[in-house]
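Structure, as C-alpha cells:
A, B, C and D label the chains in the order they appear, each numbered from 1.
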Amino acid sequence: MALDKIGIAKRIAQEVKDGSYINLGIGIPTLVANYIPDDIEVVLQSENGLLGIGRFPYEEHVDADLINAGKQTVTMLPGSSLFNSSESFAMIRGGHVHLTILGAMEVSENGDIANWKIPGKMVKGMGGAMDLVASAENIIVAMQHKSRSGESKLLKECSLPITGIKCVKKIVTDLAVLEVMPEGGFKLLERAPGVSVDEIKEATAGKLIVEGDIPEMKI
Amino acid sequence: MINKVISGADEAVKDIKDDAVLMLGGFGLCGIPENCISALLKTGVKGLTCISNNAGVDDFGIGLMLKTRQVKKMISSYVGENAEFERQLLAGELEVDLIPQGTLAERIRAGGAGIPAFFTPAGYGTEVAEGKEVREFHGKKYLMEEWLQADFALVKAWKGDTAGNLIYKGTARNFNPMMAAAGKITIAEVEELVPAGELDPNEIHTPGIYVQRIFEGKDYEKRIEQRTVTPRN
Amino acid sequence: MINKVISGADEAVKDIKDDAVLMLGGFGLCGIPENCISALLKTGVKGLTCISNNAGVDDFGIGLMLKTRQVKKMISSYVGENAEFERQLLAGELEVDLIPQGTLAERIRAGGAGIPAFFTPAGYGTEVAEGKEVREFHGKKYLMEEWLQADFALVKAWKGDTAGNLIYKGTARNFNPMMAAAGKITIAEVEELVPAGELDPNEIHTPGIYVQRIFEGKDYEKRIEQRTVTPRN
Amino acid sequence: MALDKIGIAKRIAQEVKDGSYINLGIGIPTLVANYIPDDIEVVLQSENGLLGIGRFPYEEHVDADLINAGKQTVTMLPGSSLFNSSESFAMIRGGHVHLTILGAMEVSENGDIANWKIPGKMVKGMGGAMDLVASAENIIVAMQHKSRSGESKLLKECSLPITGIKCVKKIVTDLAVLEVMPEGGFKLLERAPGVSVDEIKEATAGKLIVEGDIPEMKI
C-alpha cells in the first residue's frame, strides 16, 4: 500500500544522522521533525535566521517576532541562536547545514530538481530553494511518485524550469526509496509495504535501476 | 552635534521622491517598517522600486503600497501571499525581479560592504543564470552576482539609541541589518529609543554608522501570517 | 547526542598533523587562542601554515610557535612586532604572504560563507594586484580575491555554551567569528563555558553550527602590547 | 617656522566636519583627536572592531580586551559599538567612513601614496592601509614635507612601492597645506607661519601650483 504523507515523513526521519544540522522545507519535510527518534539529536535551521527550531508555542507564548521560514510562529530550544539572512545563507552556502529535505514537482535521473515554477501559472518565487539545492552536501526529496494527473515525477529530464542541477541524492515517495546514482538513474532501494517492483517501474518514467531483491521499507 | 533623531515616520520619508529605489526590511510580515510604510501611503510617492524579500499581504505591509499603485517594481525572493500583487503582475502593471533568497541577502550585504560582485552557486544551470557570467572554482560552477544598493533603506528594530545603534529581536532581524548598511540614507524605526550609552556595545547588531535617521515608532501591529500553536493537552 | 565539549586544549589539538593549515583568531595579542597555542607547542607538530592577522610577539602568541620552528608559512596583514620572525624571514626559513587586512577578513568570511571569490578595490594598482584579475564596476577598478579556508580554526571567545554558541568581549572579537566559520574543524576555547540555554540567543556572535569542539580554557594571561593610560590629574 | 607634529595635528583638526566618522592612522593622525573643537562631534573608527574610541583608560580600568588598531588600551564612549573585522572593513570599503587621516612616506602629484614598504628593509605588512586608501571618499595625509635625509616626499611619481593610487585629496605637512588636483599637481593652499612660498617650492619635487597670494595657516 502506498504511504501517506506521514509515512513518507517517518521513512525520511530514518535518514537523519545524530548531531546533524538540517533544513526542512515546507510541507512533508516539516513533518519529518515529528518522527526523529528520541536518541537522535539534530538542530533544525530556519533560513529566516534561527538555529534550533522548537515546537509551536502555547497560545499565550505566541510571538510575532519569532517565526520559521514558513512564517509559522515557533519557539526556541536551549542552545538556539538568532542571526540575519546573510549569515543564514552563509551557513547554507558554506556547507555547514548537512542535510536539506524538500519537496519537488519533478526530479530527473541525473538529480536535477524542479520545484519553483510552472509555466503559465503565477510565479511566486524560489525563496531559498535555489540556494539550498546548490549548497547542501546531502539533499533528500520528499514527494508523491506521480502527479495528481497520474504522470511520473521521476523523469529522464525535468520538463519544468529547474531549481538546481545534479543535486538530489535520495528520493522518498509514497511508493519507494530511491538513490540518484552519480552516473545517472534512480536506483531502487526499498519498496513501500505491499508495493511491487512492477508498480514502481510503471510509475517511474526515468531510468530505474533494480538490482537483486528489493526489501520493503520498515516504518 | 550629530542629531539622527527625528520626530517620526512622516519626517523620515518626506524627501523620498517618485521613482526612488527603496529597501524594506522584513521576512513575511515579521520585522517590517510598519510606520514608514504608513507614512509613504500618505505622501503618495509613486514609481517606487522596492527591494524586499516579500511583498506583504493584501492588506498589510508592502501590499498596502501595491493597492495604491505606488510600486513600479518589486525585487524579491518570494511574493506568494498577495492577490492584488498577482493581478497587477498578470496585467503587466508591475515589474518583478525574482532572486534566490540567499543571493538577495548577499547582494544587499555586498552593496553595504563595497563589494561590487561575488560568486555564488545558487541558480547555476537554471533560468536565473541567463545572461550571467559562469565561472568554475575548485571544480564547482558559480554565477557572478552584483551588489544591490538603495536610495533609502527602511528598517525596523527592537531597540535603538540616539547614535543610531540597533538591536533586533528574534527572527525580526532577517534582512534588516544588511539593508541598513546598503541604503544611501537609512531610516530606522524602533520600538524603543534610548539615549546613547544605554545599549551594551557588545550586543549591538547594527552599528550606528549605517543609520542616518531614527525614531520611535507607534502602534506596532506585528501581524502574524501563520499563527501555529501547541494545544495544552 | 551532540557532544562538542572536550576536556581541554590537549585533546582539542591532538589530531592536528604536520603541514596542516590553521586559522588563529586575534588582533595583536587581543583575543588569541592562548590555550591551543600552548598545546601545539607540546605536540610539536611542524610545517604549519598559520592564517592570522598578526604573528604575535617574541615570547607570546604565535611568536612562541615561531621560536620552536613549527610554522612554515604565515598569512597575515601585519607582522611587525617580532624579532625572531624577522630573523627567520630574512634567513629564508619562513614564507610570508602579506594581505591587506580588509581583504584578509573578507577572504576568510568568504571561505566560511561558500563564496569562492569576490571583488575588492584594496590593492588595485599596487604590487598586491600582481597576477590578479582586475575588473571595472561602475567606473572603479577592483581585484578579484579568492576565499581562504583552513583545516582547523582556533578561536577564543569570552563565553560559550555546550551547543558551541560563542560570545566575544570587546575588541577581542576581531577575526574570531569569520575564522570560526571557515575552519573544517573549529576549536573554540572560552573563558566561561555554560550549559546550552544560558546564553541569550539574540546576543550570540557565533552560532554553534560553526563550532565542532569547545572547552573552558585556563590561566588566560591576556598580555597587553601597548598599555596606554590616562593619568589621574 | 615649520610646524611640529602637534601643529600638523592641530591644522588637520580644522578639516574635520561635524557629524563625521573618521579613521585615524598611527602617529600624527592619532594626535588629531586631541585638537578637534568641542562643538564638533565626530566618531572615531578603529579597524579592529570599534566605533566610538574614547580616551586612554585610567590605570584601574585597563582592559586587555579593549584596544585600538595601534594595539593601545582604550575606552569606549556612550554610543560606541563593537563588531568583527569583516564588518569593520565592510564599513570602510562601503564608504561609510567619511575621512581617513594617515601618514605617508611619499605622495605623488596625482595622489598616489606610498606608506607600507621600503625595498631592502624588513616588510612588516600593509595592515589595513590598502583597504583604507582604496575606499575612503576623503583621504588626508599628515607627514613631514621632507624626509630625514632632506629629500622631498611630494613627488612627481612615488619611488617606493605604493599603497594606493589616485586617492590622496589633501596633504598637511610641517610647511604647507596642499590639495591634490584631479588633473594632477599639488595646489598650495596655505603656508606654515613664517614659511615662504619659495621654501615650499624648494621642498616640493612634484608639480607645485601657486595661484595668487598664499595665506598663512591659522592655528
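By our rule, a contact is a pair of C-beta atoms (placed from the backbone, for glycine too) under 8 Å apart; a residue touches a chain by one contact, two chains touch by 3 or more.
To keep track of the chains, here are their UniProt names: A, D = CoA transferase subunit B; B, C = CoA transferase subunit A.
As the structure is a prediction and not an experimental result, all values here were calculated from the model.
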Chains contacting each of subunit A (CoA transferase subunit B) and subunit D (CoA transferase subunit B), listed by label: B, C
Chain separated most widely from subunit A (CoA transferase subunit B), comparing mean CA positions: D
Chain pair showing more contacts of the two, C-D and A-C: C-D
CA centroid of subunit A (CoA transferase subunit B) to CA centroid of subunit B (CoA transferase subunit A), Å: 29
Computed distance of Cα centres, subunit C (CoA transferase subunit A) from subunit A (CoA transferase subunit B), in Å: 36
Rounded Å distance between subunit B (CoA transferase subunit A) and subunit C (CoA transferase subunit A), as computed from the means of their C-alpha atoms: 33
Numbers and ranges of subunit D (CoA transferase subunit B) residues touching at least 2 other chains: 82-83, 89-90, 92-93, 135
Numbers and ranges of subunit B (CoA transferase subunit A) residues touching at least 2 other chains: 106, 109, 113-115, 120-121, 169-170, 202
Pairwise chain contacts, counting only pairs that touch as defined: A-B, A-C, B-C, B-D, C-D
Of subunit A (CoA transferase subunit B), residues touching subunit C (CoA transferase subunit A) in the complex: 18-19, 21, 39, 41, 43, 45, 51-52, 76-83, 87, 89-97, 135
Subunit D (CoA transferase subunit B)-touching residues of subunit B (CoA transferase subunit A), taken from the complex the two chains share: 1-2, 109, 111-115, 161-163, 165, 181, 195-197, 201-202, 204, 207-210
Touching residues (chain side subunit C (CoA transferase subunit A), partner subunit B (CoA transferase subunit A)) in the complex: 106, 110, 113-121, 135, 137-138, 140, 142, 146, 167-170, 202-203
Residues on subunit D (CoA transferase subunit B) engaged by subunit C (CoA transferase subunit A) in the complex (per definition of touch): 46-50, 55-59, 62-74, 82-86, 88-90, 92-93, 112, 122-131, 134-135, 161-166
Sites on subunit B (CoA transferase subunit A) touched by subunit A (CoA transferase subunit B) in the complex: 27-31, 53, 76-80, 86, 89-90, 98, 100-106, 108-109, 120-128, 158, 169-178, 205, 222-230, 232
